[in-house]
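Chain lettering (A, B and C) follows the sequence in which the chains are written, and residue indices restart at 1 in each chain.
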Amino acid sequence: MTTLIFSIAGFIAVWAINSAIANSPDRDDRAARVFVPVMLGLASLYLWEGLVDGLGVSPVILPAPSAIAATFAASTDMLWQDFVQTVLKGALTGYVMGCGAAFLVAVLIDRSSFLTRGLLPIGNFVAALPIVGIAPILVSWFGFDWHSKAAVVVVMVFFPVLVNTVQGLRETDAMQRDLMRTYAAGYLQTLLKLRLPAAMPFIFNGLKIASTLALIGAIVAEYFGSPTRGMGFRISTGVGSLSIDLVWAEIVVAAIVGTLLYGSVSWIEKAVTFWHPSQRR
Amino acid sequence: MKNVVPVLVVLAAIVGIWYAAVAPMNIRTALDQAERGGAVIEPEGGRTRLEVSVWRLMADNSEYISEGYALDRPRLPTPAQVGRELWKTTGEMALRGKAMSKRSLIYHATVTLKSTLWGFLLGTFLGIAGAVAITHSRVMDMSVMPWAIISQTIPIVALAPMIIVLSSQLGIEDRGVPKAIISAYLCYFPVLVGMVKGLRAPSASQLDLLRTYSASQWETFVKLRLPASVPYLFTSLKIGIASALVGAIVGELPTGAISGLGARILIGDQFGTPLAIWAALLAAAILAGILVTLLDLAQRITLKRMGLQA
Amino acid sequence: MALIESNEKMNGVAQEPVIFAEKLDLTFQTNDGAVQALRDVNLTINKGDFVSFIGPSGCGKTTFLRVVAALEHPTGGEITVNGMSPDEARRQRAYGYVFQAAGLYPWRTISKNIELPLEIMGYSKESKREHVDKVLKLVDLEGFGEKFPWQLSGGMQQRASIARALAFDAEILLMDEPFGALDEIVRDHLNEQLLALWGRTGKTIGFVTHSIPEAVYLSTKIVVMSPRPGRITDVIESTLPRERPLDIRDTPEFLEIAHRVREGLRAGHAYDD
């Protein structure tokens, strides 16, 4: 009971502190912008612990953060193995192959406005489809191991990156293209010096979307067949055997990996598109 | 409209490539089947044939290529086969008055659709509410928005099986509820981000003008922010409904699902009937297309009436 | 006319005009029908001229500049640049073009922006640096080479754009309302600098503008145009000396020329329609 009371009090206190900071003139400080959400996160975790403890929630329904942390610490070997299988072998390989292929195809079809106009609406449509559904088919083609997972990821990331790259390449305005004509610049020169750099904000938008899709694809694909390791495998079997704390430990890994992946792409984006108004805030 | 011809040409090319790909994809299965039927194939035995490339097999056994286009359990069905299977489980059944039988894809599509729509409504409501809160409250903006962004990098599919177990443990029998929750989770973030952008879209000079009228926060919201956000809202709704559909299907994948398009995919996989999987996928694609098109129509009509679009 | 004849006599050889247009026509096909942007344009521009094109919107002044730059192609008549077709001249990098917006690449520093044409034209590394330093000095932007465009004011960005057009030593400079987006004080300053630059380098400049004082202040020849269809209503040879301080704008001679320009504009464009 005491944990519950303290955690509720703590949450209210943190909210009050956050409000004070948000309305103070220091709110745009780097430190403030990190402190506020982090405090909310910690207060929420504490509240979770308090609710589970105070309301006597069964660990099968919702384990307490402390229990999850304990299981996490006890299973690092297995979690690492799953990470290598799902993320490094499945998701990352697929991500690199899929984004690379999409980029190449976009540059190739850029030459023909006919192909671009035909492919763009189709690409937009396919990007909206539940592509995860092809996972079982790809497993039947490529086998149980990580290759089929990488294949699913390739298909999932291909279209968003393709569509964004094509749109980015179209973005250059008439005046810039005229300037290149006054220099009698060739197609390749115009592509490399003007259109690709100008397309970078769009390309990175696609790459960020792709990074979240890659992890989803790799995990879902494992629900359809996997050697006895992998995050998706662990989650579906864990749910079946009601080892919910293990499932949550895997979710924590997934959350960390997902955030790191997205964060890395954003970080590279900041470096490459430093000049864009949205980055110069 | 000038895009119609290029789109059709590209589609035709895709269908053409698909048809051509069926031959190499299915040659092994075709030869296995022929051998079981008593024919003599060089080299003998499915195992030995694994050593030979598909191109060699096709060249040496060209008379069996056409069989690859009519297999019961093809590795790669032809577009016609998929279409026929889809028709068999939808239109044909509807014509016989059995549209809602448990074997009809129309029935399964409606099951998935129900969860999708509930999830979409819930997710949209939460997204808009969250956006309004974030726009008007600095503490919400600073504390919650970063978590909203991070939440999208967490693959929901990891949570899906657990949400289902949770709800059954809590005594909720109907699988539709956890599915709707998963859909809502996938849908709320695009809506939230889009609405925040939209509500913040009015320029400083427009906001200043309302201040000179001593307009209240509420009036500013209703007269300026809300109308300005409509184009952004529709864009996000289209992404949201596609995500909600994915969420519903993902919610049907964990073991135990028997109805819904995701369940059909699962069952097709378990029983080794690839045509069922393809048909379910095609049905899901059509469903997604219909939903997004309906929203697009709604967008056009609304923007036209608001004078935001010619 | 007298000036040109005496030049020819001095060199003993007929001076070939840098830009020569005869009976030039350009008709655009638009959704609303055919629009005649240029009709029967006859013009001679000699080496070292500073020619301003002035007229209301739609009179064809920008279109004419673009035809010279081979960005548009005429539908009738003849035009030569340096004695060859505009396309040939473009391929030989005979001119630098300055647009109304500076159009610098935000991902490149000022120096790198100026280097852009040099990269495309294949200059060597030392040659590039030499040229960049030279033109930075010419437009008075020394020391700003490592800054990014968005760190500079509008006037400075436009100067960088002019530097970029000068970087590869083209003899012709084509400028389309380059100072249109700037305030009057900056504009005056840039006008002075442009005139000084012209004096030092002896380039042939084609300059499109909306501003009568600017046209009269800068040019040796003013071409007054009018719209619907685009045509030349008057060509004024300036009697002002080549060296001009800003105060010359208050002299009676200046006002007389400005008056003539205004008359030409009014003649070609009735405001009642």
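Convention: a residue touches a chain if its C-beta (ideal position, glycine included) is under 8 Å from a C-beta of that chain, and two chains touch if they have at least 3 such contacts.
What you are looking at is a predicted structure, and each value in this text was computed from that prediction instead of being measured.
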Subject >> Greatest separation from chain C - chain, by CA centre >> reply: B
**OP:** Please list the single chain whose C-alpha centre lies closest to the global protein C-alpha centre.
**Re:** A
**OP:** Averaging only over C-alpha atoms, locate the centres of chain A and chain C and give their separation in whole Å.
**Re:** 51
Subject >> CA centroid of chain A to CA centroid of chain B, Å >> reply: 18
**OP:** Report the inter-chain centroid distance for chain B and chain C in whole angstrom, where each centroid is the mean of the CA atoms.
**Re:** 56
Original post:
Which of the residues in chain A end up touching chain B in this complex?
Top reply: 15, 18-19, 21-23, 27, 32-33, 36-37, 39-41, 58, 60-62, 114-115, 117-122, 125, 128-130, 132-134, 136-137, 139-141, 211-212, 215-216, 219-220, 223-224, 231-232, 235-236, 239-240, 242, 244, 247-248, 250-251, 254-255, 258-259, 261-262
Subject >> Interfacial residue positions of chain B with respect to chain A in the complex >> reply: 2-3, 5-11, 14, 75, 137-139, 141-147, 150, 152-159, 161-162, 164-166, 169-170, 238-239, 242, 245-246, 249-250, 253-255, 261-262, 265-266, 268-269, 274, 277-278, 280-281, 284-285, 288-289, 292
Subject >> Sites on chain A touched by chain C in the complex >> reply: 175-176, 178-185, 189, 193-194, 197-198, 200, 273-276, 280
**OP:** Report the residues of chain C in contact with chain A in the complex, numbered from low to high.
**Re:** 69-71, 90-91, 93, 95-97, 99, 101, 103, 105-107, 116-117, 119-121, 148, 150
